[in-house]
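Two complexes follow with chain A in common, the first pairing it with chain B and the second with chain C.
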Partner chain A sequence: MRQAIPFLLAVAMWTSSAMAQSSSLQFPASIEAGTAFSVPTSGSGPATLYIVGPGDALQRKFQLGESIAFGADDLHNAGHYLAILAAGSSTQSTQFDVVASRQPAALSFLAKPSRLPVNLPNGVSGVAYIFDVFGNLVLQPQQVSFELSDESGAEQTRTADSHDGVAWVRMNSASKAGSARFQASDANVRATRIVQEVPGEPCAIHMMATPATGQRVLLQTEPVRDCNGNPVPDGTIVTFTETYAGRQSTVDVPLKRGIAQTELPAQAGALISAASGVVLGNEIRWSAR
Partner chain B sequence: MTQILKRSTVTLLAVPILAVLLLSADTQPAVHVAPMNTVGPRPVETQTQSSVIRDYLLAWQSMNAALSENRVDVVDASFVGQARERLINTIREQQNIGIRTSYQDKSHNIKVLFYSPEGLSIQLTDEVEYDVDVQNGDHALGSQPVHARYVVVLTPTESKWKVRVFQGGTP
Partner chain C sequence: MTADLGNNPSKRTGRLLALVLACATVALISMGTVWPNQSGSGVADPNAQLIASSSSPEAAVDSLLDQVARRDWNSAYELLGNKGEFTETDFVRDLTGAYGSLRSYASLDRFDTQSLHASSDQAQIRAHMLWSSVVGTFEDSRDLKVVRNGSHWQVAWPLVKEAVVPPQVIPVNYLRWDVIYRGAQDDWGAQDVEAPHVRIVAMHPVDRAGEVIIMGEILNEDVVPAFVTVKATLLDKKGSAIATEDSFDKISHVLLPKQVSPFRIDFRNVSMSQVDSVRMQPASNLVPASADPVIGIESQKLAPVPDASLSGQLVNQGGQVVNVAHVIATFYDGSGQIVWVADQYPSRALLPQTPVPFLISLPADVSAKARTYRTIATTYISSRFQ
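And now, the complex of A and B:
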């Protein structure tokens, strides 16, 4: 009997090994995410299938000779996977891919900057990453449409082909200040961002001077606008300068309701100017009246 | 110019950027990085080049530590967003099944494809060779050499670049 034990063990090991050898692991090389599929097996006896990858890990216990069925929800994270079939003491392994669905379901859309001056060429950029319904990056080329529309309804449209899941464009900011809608779309998927387009620098400054009480002169600008006619935001500084007898007096005044105003000493013959940033307005030679 | 990084002193001197990383690792992969001078639309500054590659390679180490020990706590160091969620879910699945997997990267062939105009994301591909070892308790289920192409998106965080998308496939 003692002599028979090693023999029986050897038979058992051979049987287990032969069982695994007779089975074969026939995974498709590539499976689209969210697709049901089945893997036929051969042989007999209990076995366990492990599927591992950075994106998922699962285990199936089954009988060799049966097909292993996977539902649409079982494997949906795109990635490269290793499948290991363990039957008795032997294992077989294979590798396969789960690839993203071809149908885009979401766009990760980044529009920058969120605030910029009007009429700036290539001032705003849009980057869209394309994902399927499972959050996998859709690597097949897609045509993404980008549309930037201002409050008046004026639109710019551009299309860009995606490469490895990403498409991008640069667009000009509109000439009209206000909230602009920046939209990316691919098939039926859309993502919208709001971009604030603010007036640019003052285009010109026109100042008027009138006598004020107490030997002073009242200086007041006309509404200050940028070169596209948009009112320059309140708070923008206008600098009034009075030059008289070799001396210079300067006053910085923020715009209020689009207008800057101040008073300076009324000196006959004084030269008064106004400026904002790099824009110089008109000059007035004050004469006593 | 092509950079090929191996465990040689000469190469380390030539490319000091990754020297610290390579010297600190137990088993260092060979790393090949394609030149980034044509990457667009935003030019990749030298400092950004080195930090992106360094942080991406560290992400492999973090992933290996996370999956080989089923440790969720090491994931946040290198992963964010969708990639982080998937890795954590995989760790939980491995815990449920009772397995551990190690990913020992042997070589990387990295090519940066896209650096966004505002510098908020960078995309690269990596043709990587690595060994996967699967353990069920103390029982080795198998080991396989893998050659795969990963598409990776990294985004900047406070201190480093972190992996946001990590998607493998057959090259």
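And now, the complex of A and C:
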């Protein structure tokens, strides 16, 4: 009897193997995310199908010989999947791909920088990532159009073909300061970002000096503008410096309503200058009156 | 097993030594009682028991400053000889300042005295007081007149009256930036506010007294305020890091648009011979900030040795009381290269339109090289943190 046991085990294994061979697993090689499909099976008896993919794991119990149906939402993460059919003690496996839908549903749009000086060639970069409705990167080439429009209504438009789901362009900043709308669109999908185009360095600083009360001199700049005529933003520091008889007085004054204004001691013969960052303004020799 | 019978020679020597130590202790205590310490310096110990003495001008000053160190204002005031000239409140206000200034949170760490002049019934003594505060120590020097009153001496305190601004309304157009950052719920592609663009516009490493000091200037070239830090890493010939430090408080951390701040980074226990290169890492963050108050730095003067220093006055041109001010100065040689960066925290609060003096001491060798300088002031206002 003991000699018969190995023989019986071998027969059992052969039988289960034959049964597994009779149940074939025929997945399509590639499935578009979000599409319903079914997989026919053959054979008989209960079986379990396991599907493992990126971010997904499914288990289905069914009878061999029936078709296994998958709904539109069952497999939606693009990537490589492994299907394992277990029937009795036998298993069978196959592999297939889920690819992104061809229809773009969302754009992730990176516009950099969000703030830059006016008149900067190729200063703005726009990168659009194209996704389907399930958040899969659409790898098929798409034509994406980019549009940068400033506050005056002037527009720059460029188109770019996507590569591996990404399209990008570089644009120039406008000469007029303000908020620019930067938009990327693909078919009916669009994303908008706001880019602040800010004035550049002060072009010239012109200062006036007038007597003030209490032996003080009132220093005031004219409205400070950049070289494109844009008013330099309030808060920008203008440094006033007064030198006289081996002494020096300085004050950092923020622009308010376009001008910087302060008072310093009125010293006969004092040399007074103004500067902002690395830009120098005019100099005044103060004489007693 | 052995028994100690008490006639061991080493034990006899120990007893003799104990006897000698006991006699020496008694002798020293007696000497200290009969001839107490007459040196003109004191260590302020707030917990010390006061033995008030006014048998000499120096003792009278020491007693007074001991009470000040203990913050026992009432006892200190009672020791004064010119109480009729001011109230105890004025006296306390002189020493501890007002408006939450640096003095308000300082304590007298130590003091020393120097006799300038003495006669049988009057003396002049200079008291150097070293106060410790959260940002380091500051000095306060007063020339004290001490007068004999019967058998004891009393100090006439030279009161420095702190200015008081009369009640008034000062209209100020404040300029302020507030920031809204991206939220956690935003798409990963959504924009966030851009960090301000800052740039190091000058950098000069020096070897000084066996340590490396890196000095420079940083510019906020953006149109928004920036919170800046500067970190430096010293690298050896193999490119390995020797040490990393940042500028800590030797910088104005909040820079308004187009504002320039000096910075200084000290590397202790590193000599220049070990260093092959320096990696500078300026960093900036966009922060809410206010453009006010504006601080004028007036009447600055560079004094040569022996009292090499930069002195001047801070004038608060705004309407808000500045509790603590910080002055940072950059010194340049004849070619415009940075030779030193130094700072000082004036101990008094800055009241509107009220000058407050400052003085930044300079090493003698730096004083010889410094031709020009540039000074900035930063402010700390307690109400902004509430």
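Please note the rule applied: the second predicted complex is superposed on the first by the 208 of 289 C-alpha atoms of A that agree within 3 Å, B and C clash if a C-alpha of one lies under 4 Å from a C-alpha of the other, contacts with A are read in each partner's own complex, and residues count from 1 in each chain.
Everything below uses one rule, namely that a contact is a pair of C-beta atoms (placed from the backbone, for glycine too) under 8 Å apart; a residue touches a chain by one contact, two chains touch by 3 or more.
Since the model is a prediction, treat every value here as computed from it, not as a measurement.
K.L.:
Once the shared chain is lined up, is A:Q59 touching chain B (first), chain C (second), both, or neither of them?
P.N.:
Touch partner of A:Q59: chain B, not chain C.
K.L.:
Given the touch rule stated above, what does A:A29 touch, chain B (first), chain C (second), both, or neither?
P.N.:
first
K.L.:
Can A:L110 be said to touch chain B (first), chain C (second), both, or neither?
P.N.:
Both partners, chain B and chain C.
K.L.:
Does the superposition put A:Q248 against chain B (first), chain C (second), both, or neither?
P.N.:
So A:Q248 only meets chain C here.
K.L.:
Per the contact definition in the header, classify A:E263: touching chain B only (first), chain C only (second), both, or neither.
P.N.:
Touch partner of A:E263: chain C, not chain B.
K.L.:
If we overlay the two complexes on their shared chain A, which of chain B and chain C does A:R170 touch? Say first, second, both or neither.
P.N.:
first
K.L.:
Please indicate which partner A:I284 is in contact with in the superposed arrangement: first for chain B, second for chain C, both, or neither.
P.N.:
Neither partner.
K.L.:
Answer with first, second, both or neither: which of chain B and chain C does A:V99 touch in the superposed model?
P.N.:
The first partner, chain B, only.
K.L.:
For chain A, which residues lie in the overlap of the chain B contacts and the chain C contacts?
P.N.:
After superposing on chain A, chain A residues 110, 113, 129 contact both chain B and chain C.
K.L.:
Give the list of chain A residues in touch with chain C in this complex.
P.N.:
By the definition above, chain A touches chain C via 107-111, 113-115, 129, 191, 193-194, 198-199, 202, 232-238, 246-254, 256-257, 262-265, 276-278.
K.L.:
Touching chain B in the complex: which residues of chain A?
P.N.:
29-30, 50, 52-59, 77-80, 82, 84, 86, 91, 93, 95, 97, 99-100, 110, 112-113, 125, 127, 129, 135-137, 139, 163-166, 168, 170
K.L.:
Would you mind writing out the residues of chain B in touch with chain A in their complex?
P.N.:
Residues 41, 63, 67, 82, 86-87, 89-90, 93-94, 97, 99, 101, 103, 113-114, 116-118, 120-121, 123, 125, 132, 134, 136, 141-142, 144, 146, 148, 151, 153, 165-170.
K.L.:
Would you tell me which residues of chain C are touching chain A in their complex?
P.N.:
Touching chain A from chain C are residues 173, 175, 177, 187-189, 191-194, 201, 219, 221-225, 256-260, 291-292, 294-302, 312, 317, 373-376.
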